[in-house]
Amino acid sequence: MYSFKNDYSEGAHPRILAALMESNFEQVDGYGGDRFTQQAVELIKEKLDRTDVDVHLLAGGTQTNLTALSAFLKPHEAAIAASTGHILTHETGAIEATGHKILGVVTENGKLNPSHLKIVLEQHTDEHMVKPKLVYISNSTEIGSIYDKNELEQLRDFCKEHKLILFMDGARLGSALCSEENDVELSDLPNLVDAFYIGGTKNGALIGEALVICRDSLKEDFRFHMKQKGALLAKGRLLGIQFLELFRDNLFFDLAKHANKMANVLRTELAKANFKFLTHAPSNQIFPILPNSLIEELQKKYSFYVWEKVAPDYSAIRLVTSWATKEEEVVAFIEDMKKVLQK
Amino acid sequence: MYSFKNDYSEGAHPRILAALMESNFEQVDGYGGDRFTQQAVELIKEKLDRTDVDVHLLAGGTQTNLTALSAFLKPHEAAIAASTGHILTHETGAIEATGHKILGVVTENGKLNPSHLKIVLEQHTDEHMVKPKLVYISNSTEIGSIYDKNELEQLRDFCKEHKLILFMDGARLGSALCSEENDVELSDLPNLVDAFYIGGTKNGALIGEALVICRDSLKEDFRFHMKQKGALLAKGRLLGIQFLELFRDNLFFDLAKHANKMANVLRTELAKANFKFLTHAPSNQIFPILPNSLIEELQKKYSFYVWEKVAPDYSAIRLVTSWATKEEEVVAFIEDMKKVLQK
Amino acid sequence: MYSFKNDYSEGAHPRILAALMESNFEQVDGYGGDRFTQQAVELIKEKLDRTDVDVHLLAGGTQTNLTALSAFLKPHEAAIAASTGHILTHETGAIEATGHKILGVVTENGKLNPSHLKIVLEQHTDEHMVKPKLVYISNSTEIGSIYDKNELEQLRDFCKEHKLILFMDGARLGSALCSEENDVELSDLPNLVDAFYIGGTKNGALIGEALVICRDSLKEDFRFHMKQKGALLAKGRLLGIQFLELFRDNLFFDLAKHANKMANVLRTELAKANFKFLTHAPSNQIFPILPNSLIEELQKKYSFYVWEKVAPDYSAIRLVTSWATKEEEVVAFIEDMKKVLQK
Amino acid sequence: MYSFKNDYSEGAHPRILAALMESNFEQVDGYGGDRFTQQAVELIKEKLDRTDVDVHLLAGGTQTNLTALSAFLKPHEAAIAASTGHILTHETGAIEATGHKILGVVTENGKLNPSHLKIVLEQHTDEHMVKPKLVYISNSTEIGSIYDKNELEQLRDFCKEHKLILFMDGARLGSALCSEENDVELSDLPNLVDAFYIGGTKNGALIGEALVICRDSLKEDFRFHMKQKGALLAKGRLLGIQFLELFRDNLFFDLAKHANKMANVLRTELAKANFKFLTHAPSNQIFPILPNSLIEELQKKYSFYVWEKVAPDYSAIRLVTSWATKEEEVVAFIEDMKKVLQK
């Protein structure tokens, strides 16, 4: 049974494990005071071509979201998110547990735009309602779509005009930036958003997200917030070593490209077989709509999520590829699909 | 410069890294649904000789404390802790950030006893004050002391009588249980406390604490709390594999024994040199009181914390040993001390 | 300028002020330990025909909602509310500020029913999502509709079956219970919901809501929660005296009947003039849809909220009547309307 | 049985009730948008001789403390308070429930000074500990002492130097400012502290505290915080009318003077009888140390709190006087004391 369920089914890229092993007995300070973390931070700043951003390494996505948002917002301030946004649906109320409402907006493709934001602002006018303050976007989104540069510029300009904080969840940023449809560089991001993170967990690391804080007013005392939320690892080296390895050369991007390439194969072949897709998803998650009978057959050899019933006999499934996805398994999946169709 | 600053200066025990490497490409479910986590949980239950406890694997100590305490307490309920307790002093208000007051009690040796608790209960009598509900103890404590079985039984009985929850922070449980002065078995703990955790981070793992919930009423929905607090790792395997390796045989205890043995050498030699200690600390942390001149000399070759000024010319330092402490460095430290003293 | 903006534009019913004056110099204990509060509580239990409920007096609606919900829910548990629900829209995130998500459901008339709840439960299935636990309903609702007994019984049965807490916001309970379309008795409520409150502020009191907790498991330590949330008034007598006066005879109901009667006059006359209404609202809030030109004319002599644009030339307005609404002003409003229409 | 238990045993000063009655049927906007509140705010600014402060009216002391502190502090920031401070001991963890630790400092007389603060700052040096940010003082304190101008200036200067917020709980500010030993004017306060409140509840109002925010950076969006914490009364007029009456002339001060005068009589006569006092308390709370036998006799006719056992046969009691304390009862108390002593 081969799994296309998600992009965290395997451990870490072998180079990362090797780096852990190699550095294992070097004594270093705890809580991110180690040289690996310091080097990883410098390296990321270099890749961003910016010395004036702050970079912090945290263990996971929900942890990063809740630590950042609770640090950035005052008690009466709320986040705006697409109704498909991870913080709204799949974090067990983590943001609300820190005291903040999330205002959900129904979108067509998981992406927010200024007209969505405008409506929310118009609805929140006085002290009887929360004050919308932070715009949460994911790139790639939870349904596989990605933001292009123009869309991000529009969001940035609207947020600047209305004194909103623009925050990008980059749990799958690698896949977004390496999409064939992408026109955003990693180094563009500090000019586009106020804070974002570079997801390691879903792109070859054991754990790890690198939060980049670009806006000065959001930087102060961030390590206090990390410690308070349980996000400051005693062995911070574990995060530093991994990001150092991911960004020492182009490993981070190479891994994302592989994931996307595998998704491309699946997407192309499914399209050739005339299947439609639930969303336009040019990243490492795709949502083909298949006959239930086909789904049942495929489930005998592959595991994946059935996402949504689309018609009585048709459902959308989610196929996720990753840095570790084996090409021969992708090929086998397509072959198996064809066999079923030929019956 | 050799470091006795803490027990998390190195990476992980080589067997743990080997286990990560060996299992690396096996596809498993996320968020602790993997076979490694399941096996580790079963193994720990076996070692505890109890099938009716719940075991959860979390990344770090502060995270475990805040997740457990916020899950166990209602909004108006408070924790009681020694004034040296980690949650009270070195977690940046993590417990308060989840809404709960901690009532600090001054102790002689970092350990709570029923007479401390009695006073707190007598002071909190009505709805104008918080309701003390959970007793937080650390074993070993933050200043190196350990609880014996009789002390734990007294606390258990008092807590039972007064409907208090007894919670043990076991970040350094290995060292406590392997102390020469210890008379508590790991498998005694479910009969003594309502919940406790087995610290991995400070005993050979990269990260990882195994929380054991013994009291039935505290078990419900605990994974919801973990997710909400950012404590459910996507690659839960990282925790499972490590605890599996630590408890597959006696590695966990062997590592703690080594740490204690190294501390014993230091303690014995320092005592022979007629130095006193700030606390009675039969575990892997010791607090010798040394002349400042000696401290300065030692700091040229070793790093450690100066803990507290004790007299104009004397200070207590903290020396921490670990699974990774090299015997030759301990010997060298003692030799260097003797050289300075002979001058 | 006469106001139909809300039901808290005036002070208190004269009998309440008289009762405050009469009792003014009697020395009593603070924080609700006074005889007035005790008597009011007993009286309310009598009216409910139940000795086994707990009654607490709080100052306002938002305060009551946030104190109750935060006391009733564990950190990972969420409330379900209609998308028009007061806690969701007009309490500045008060519930989220205590850590809990509210799951909004779009309804036709501001009322929840079991089929709404069923969908929410089906969507929330594991620990990656909050656990829906409390159903928040308002009676009358924020848009003037009321629940009939059968609807409440269906909700009760569904909640019981699914272990949900059913909570009724009764800020305008008086008007609901005195509606011509109502078939629910005050004394039915403990058999229908787990907790509810009887609104005083909007029915003749200066401030005051009487929270009734019916389900045993929700009662414990509630005064601790009140104190913690700033809801325990030093001069609790202020609440006790008012509720004593409201329930000493039928004043509470008489005041609500007057409010409804005034709304009935407005409703009937507006219907006679062939105007439609935004919602079916048989209580003291009505939402007629009027031509903008008429609205502008009426605004010269009356204040009220323009609720919603309905068509290019038509808007719904909100007219609220109260215990203090003067019949002559209602008559004048209708006359003025007719004059404008005859032009 | 006459009560010296507290200063909120009676209702309100008759002039306040008369003002409520007189204004009762005037229709006004809700939530503090009424002319009474606006006038009261202007009047208080006038008395403070400052147009640049913000004034908000809230219902009670705990509510004011929790709303202000949670608005002023970021998640990792803590308050410093005397160990006798109300927020630390008698508010059921209200501040912690909003997420903030309070750092308690043992004082001799309930008053903080810069040397206390210096120690706290020295102990809190990095991100593993909370960041002390707000200094909470009460004037008069919970044990009857008051701050003189020089003490407040020293605190102000220290706080300014160390970027701390200085907050004064003025639940009993009237009594402090009218003490014979006081040298602080109401209008001095905006130059001394960053925010403070003027307590109405304990000085003749039914409910009500007027929070004055002096520092600009603390003002923003404060009404959002009030609403979120349930502190925005629908009938805000109730607060406005009362403060208008208290400050229309000198009623606020006259009432406090009466309370102090009554305390003076008790203090003087008890001193004449050679009794000592637990604290130096020149305000409306005094703590005489009396033989238990005398206490028992007095308890037959008077109610008051026995505060603390001082010696086997002696206890300190707390006697509180108020605007409503009757001179004849004070005289009777002294007479009864003398009778017992003469036996």
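First chain written, first letter: the chains are A, B, C and D, and each begins at residue 1.
Operating definition for what follows: contacts are C-beta pairs under 8 Å (C-beta built on N, C-alpha and C of every residue); 3 or more make two chains touch, one makes a residue touch a chain.
In UniProt terms, the chains line up like this: A, B, C, D = Low specificity L-threonine aldolase.
Since we're looking at a predicted model, the values are computed, not measured.
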Contacts common to chain B and chain C (chain labels): A, D
Between B-D and A-B, the pair with more C-beta contacts: A-B
Reference chain A; chain at largest CA-centroid distance: D
Whole-Å gap separating chain A and chain B, where each centre is the average of the chain's CA atoms: 34
Approximate Å spacing (C-alpha centroids) for the pair chain A, chain D: 51
Chain centre separation (chain B, chain D; CA means) in Å: 43
Residues of chain B engaged with two or more neighbouring chains: 75-76, 91-93, 97-99, 127-128, 130, 224, 227-228, 232
Interfacial residue positions of chain A with respect to chain D in the complex: 31, 70-71, 74-76, 98-99, 127-128, 130-131, 221, 223-228, 232
Chain A contact footprint on chain C (complex, rising order): 75-76, 78, 89-93, 96-102, 127-130
List of chain B residues in touch with chain A within their complex: 2-3, 5-6, 8-12, 14, 17, 20-21, 23-30, 59-67, 91-94, 97-98, 201-202, 206-207, 224, 227-235, 237-238, 324
